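Would you mind keeping the following structure in view while I ask a few things?
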Amino acid sequence: MLITRIHAGFRHFFYFFRQAGRNFKIGGLSTIIAVISIACSLLLICLYLLVSSNLSPVLDLARNIEVVLYLKENISPRQISHLQQKLAGFVEVSEARYISKTEALEKFRRMLKKDAILLDGLAYNPLPASFELSLSHELKDPDLLKSFFSRLTNLPEVDSLQGGGEWVQKLSGLLMAIRLVLLCIGAILTIISLFIIASTIHLTIDNRRDEIIIMRLVGATEWYVRFPFVFEGIMEGFLGGCLALVISTVLYYAFCWEISPLLKLVFGISAIDFFGSREIFLILILGVLVGGLGAILPFCVPSHQMR
Amino acid sequence: MQPLSAIVQMFHVYKTFDGNCKALVDINLRIEKGEFVFLVGSSGAGKTTLMRLLFREEKTSSGQIIVNGRNINKLKDSHIYQLRRKIGVVFQDFKLIPTKTVFENVAYVLRVLGRSRFEIERKVCAALKRVGLEHKLERYPKRISGGEQQRVAIARAVVNNPVLLLADEPTGNLDAERSREIMQLFLDINHEGTTVLMATHNLRTVEGMNERAIYLREGEIAHY
Amino acid sequence: MLITRIHAGFRHFFYFFRQAGRNFKIGGLSTIIAVISIACSLLLICLYLLVSSNLSPVLDLARNIEVVLYLKENISPRQISHLQQKLAGFVEVSEARYISKTEALEKFRRMLKKDAILLDGLAYNPLPASFELSLSHELKDPDLLKSFFSRLTNLPEVDSLQGGGEWVQKLSGLLMAIRLVLLCIGAILTIISLFIIASTIHLTIDNRRDEIIIMRLVGATEWYVRFPFVFEGIMEGFLGGCLALVISTVLYYAFCWEISPLLKLVFGISAIDFFGSREIFLILILGVLVGGLGAILPFCVPSHQMR
Amino acid sequence: MQPLSAIVQMFHVYKTFDGNCKALVDINLRIEKGEFVFLVGSSGAGKTTLMRLLFREEKTSSGQIIVNGRNINKLKDSHIYQLRRKIGVVFQDFKLIPTKTVFENVAYVLRVLGRSRFEIERKVCAALKRVGLEHKLERYPKRISGGEQQRVAIARAVVNNPVLLLADEPTGNLDAERSREIMQLFLDINHEGTTVLMATHNLRTVEGMNERAIYLREGEIAHY
């Protein structure tokens, strides 16, 4: 009894599979159009992933916030090494470089270039020793940054802080904003494309309304009717995903040559990255999932009643 | 006549479409297992509507229907398929699936039951042979003539030896010769134990056979 | 004869119009889905227009390239006013500000802040006089910029040029790249959304294949068959466009409050701009055009033959 | 009999589907203006195919057809509508537009001609009255019975007084009473000048009337 049931189950499965394949052929132009339409909407997500994943190292580069802590005069070497340890202890600080008074003057001289003659007349070194701090990437929020800066300034050895002013906060805010906008755009694109996929598949199935009614009338269970369509939706989603990946590969190589030299010039990035296997997987899974779900959807709404 | 031997019972069945079109009015009916019954009435009398109630394509407006021992008003939507698998229907407008071949249209009834490929092949070919279409298995319904479509619908209705066969005007598109063959087919099936309910407007068909006829006139049973 | 013809023409027109309206109602869920699908794809273009039009003042702000021309020692006031006129004559220069030696020292002092004590010990003013130039917006191409800079350096009064180095070229290149990428994205989005609209309408019309065949069989001319569908496509496109505008308005106001303060902080832009009437018109026209064309398309491909 | 008075002439017409299914073989035929002709043949004989050739739903495989003085093989696709406007067709499967009401289905034939609203209303109501459906104007085709659908198809075919009326099994879904009425309708129209070609498998209908019959057997004219 069980064995015959399992047997029947397999038969059903193979039948569905063959049917889905056949429907695909019969659907003809409609199916092709549906696949291309799905590919177009998945392409949106592909493009978004391409742009945003390539933007993120740029954003990271720009996020290397550096500030300079000027020390008070007459700080002993012990105090300095003490401070160094303390700074290294802050999670917010990724690197702390000590610049002695002599090094500072040297740097200033290099900075002034031809005006460095000005410094030749100096009787003493007026520049303070300092720590150059690289702040860690976790520090995104301008408010957090502000409170961290005030903690730094309150250290006994510290005279003043440079670079922690408005500009750093602006930059940090800008990056937050860009990330937020990117995220929102990504979410909107995903919603749009998922909706388009589902509705495209809905429309192709709507074409077969009469067929579905007949299947029910001759004794098919609801799932027996749905399965071939769900299979078909999954196949359309999968093919759409593949097509989207192919198109974005083509676009990628077409643009790579155009934009790469510019990017190299500007940011020093050697090449635009393409998708990793994770993104490829994501696109295909999205296509398949939404294809399958989109194919179930039309059965759940009462448009399949007779007109 | 024990009550258990009835396959169709209708008690005070009414069917009203869109609130004002009374298609069936107070139908009381009893069909025994193994009977061959004609349903006769002119155009618009309600023959098709009565049949559609029997396999729950439509619900009754009021009244009870018992088919094969089950009250089909109380049948859950998800269990309707169980009812329909016991009933073979020749639809007046054929209702063939346009994207499936003649063979697949007939085979579908067996596919939903999960029958083996071998059994399907054997039964479908036998059924199509009985209606004289064994040479058009791979055609699509749009590519055969009206009468051929009707015969495919007949083959589909009888392929699984249903308990109840509903045939709605099954010879409307067939010539006299073919009609006689099909009537013989129905009689054979009836002898094998299937109850047959056949709707027709053709009084001659009824007169030629010595079977019970139910007359419908504007939704009412006229003469029993 | 002519009058009866015109009369009949009007009748046809009104009939089409009524039919399109009725089809719309009958189509039910399919039509609604098609309209939302179209709205989604037009929304892409809306979002693109929103982002790119708001990005462009930012890009313009950043494009105010400034360079400093250091003059040789001992330039007479006449030579200076001569140079000023010359510089003003260049189309590439939008503004030229003269900074005398004294002003330069003053600026330097302000720049050094607390290190300004360094300058107290100076016997003479070592800083040269200079011109601060704002370059005009037309100067986009890094190559043009380079050749213009060499023309400036070759002026007899000029000692050297600062700010015309790699950085300006990088910035200019970056802006070009951003503009190029935006343009490409815009083009791709437009193509995608137009395709989706056309194919959505194709699928809804494909639903009515049998109907169309019957119309032809009872003596309708090809255009008589097509017109109601084209009307319907136009209406779907128009409604889709309206819906897209409504959604983007909602998104705009939802985001405005989020992002505006950040933008104000960072760029000093007071508010994000919404569409002008030109963009609104563009979106609606796109919807209507593609809706109409998409409705003609399915008649031109032979999928409407019998199966 | 002058050649000019012929409305349909077929010369050595062949129709082969899919390269091997010979639906019509060497058909030679002449129908005079004003005639009433039956096309008789069993299921699959080629009746529908012959009619479909006449209004260019299909093209001939070889041979020439002249309808109403025009060689329809030479008709450009964009001019087919001119031919079809002269011909009324009752399709075997009715071919009603499912999204239009009964009234609009019949009216469509007049709409494409740009007739006035008043004229359309008058003619459509008259035609529907003739087939006994004046009370179901606003129904959709799916919401009326099979016989009623057939009568709508008949009303549509006759509403514009066509030069040639092709009726394919027009009484297959109608009871004897209705059939007689419809036959009378066709005769009336014939008397008004329309040539009628009616396909049927029902020899009795033919025998009851004193008109010419063309017999088809497996695509060939059997007996003229």
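Letters are used for the chains, namely A, B, C and D, taken in the order the chains are written, and counting of residues starts over at 1 for each.
Here is the rule we go by: a residue touches a chain if its C-beta (ideal position, glycine included) is under 8 Å from a C-beta of that chain, and two chains touch if they have at least 3 such contacts.
Please read these numbers as outputs of a predicted model, since none were measured by experiment.
Touching subunit B and subunit C at once are the following chains: A, D. Considering every other chain in turn, the ones in contact with both subunit A and subunit D prove to be B, C.
Inter-chain centre distance (subunit A to subunit C, centres taken as mean C-alpha positions): 24 Å. Our note on geometry: subunit A versus subunit B, Cα centroid distance of 60 Å, whole angstroms.
Subunit B and subunit D have centres, each the mean of its CA atoms, that are 30 Å apart. Counting partner chains per residue, subunit C has residues 26, 307 touching two or more of them. Multi-chain contact residues of subunit D (touching two or more other chains) are listed as 98-99. Residues of subunit A touching subunit C in their complex: 26, 28-30, 33-34, 36-37, 40-41, 43-44, 47, 51, 108, 115, 117-119, 121-123, 126-127, 169-171, 173-174, 176-177, 180-181, 184-185, 188-189, 192, 195-196, 199-200, 202-204, 206-207, 251, 255, 258-259, 262-263, 265-267, 301, 303, 307.
In the complex of the two chains, the subunit B residues touching subunit D come out as 17-18, 41-44, 48-49, 92-93, 143-148, 150-151, 168-169, 172-178, 201-203. Those residues of subunit D whose C-beta lies close enough to touch subunit C in the complex are 55, 57, 78, 80-81, 84-85, 89, 91, 95-99, 108-109, 111-117, 156. Here subunit A touches subunit B in the complex through residues 7-9, 11-12, 15, 22-23, 26, 208, 210-211, 214-222, 224, going by the rule given at the top.
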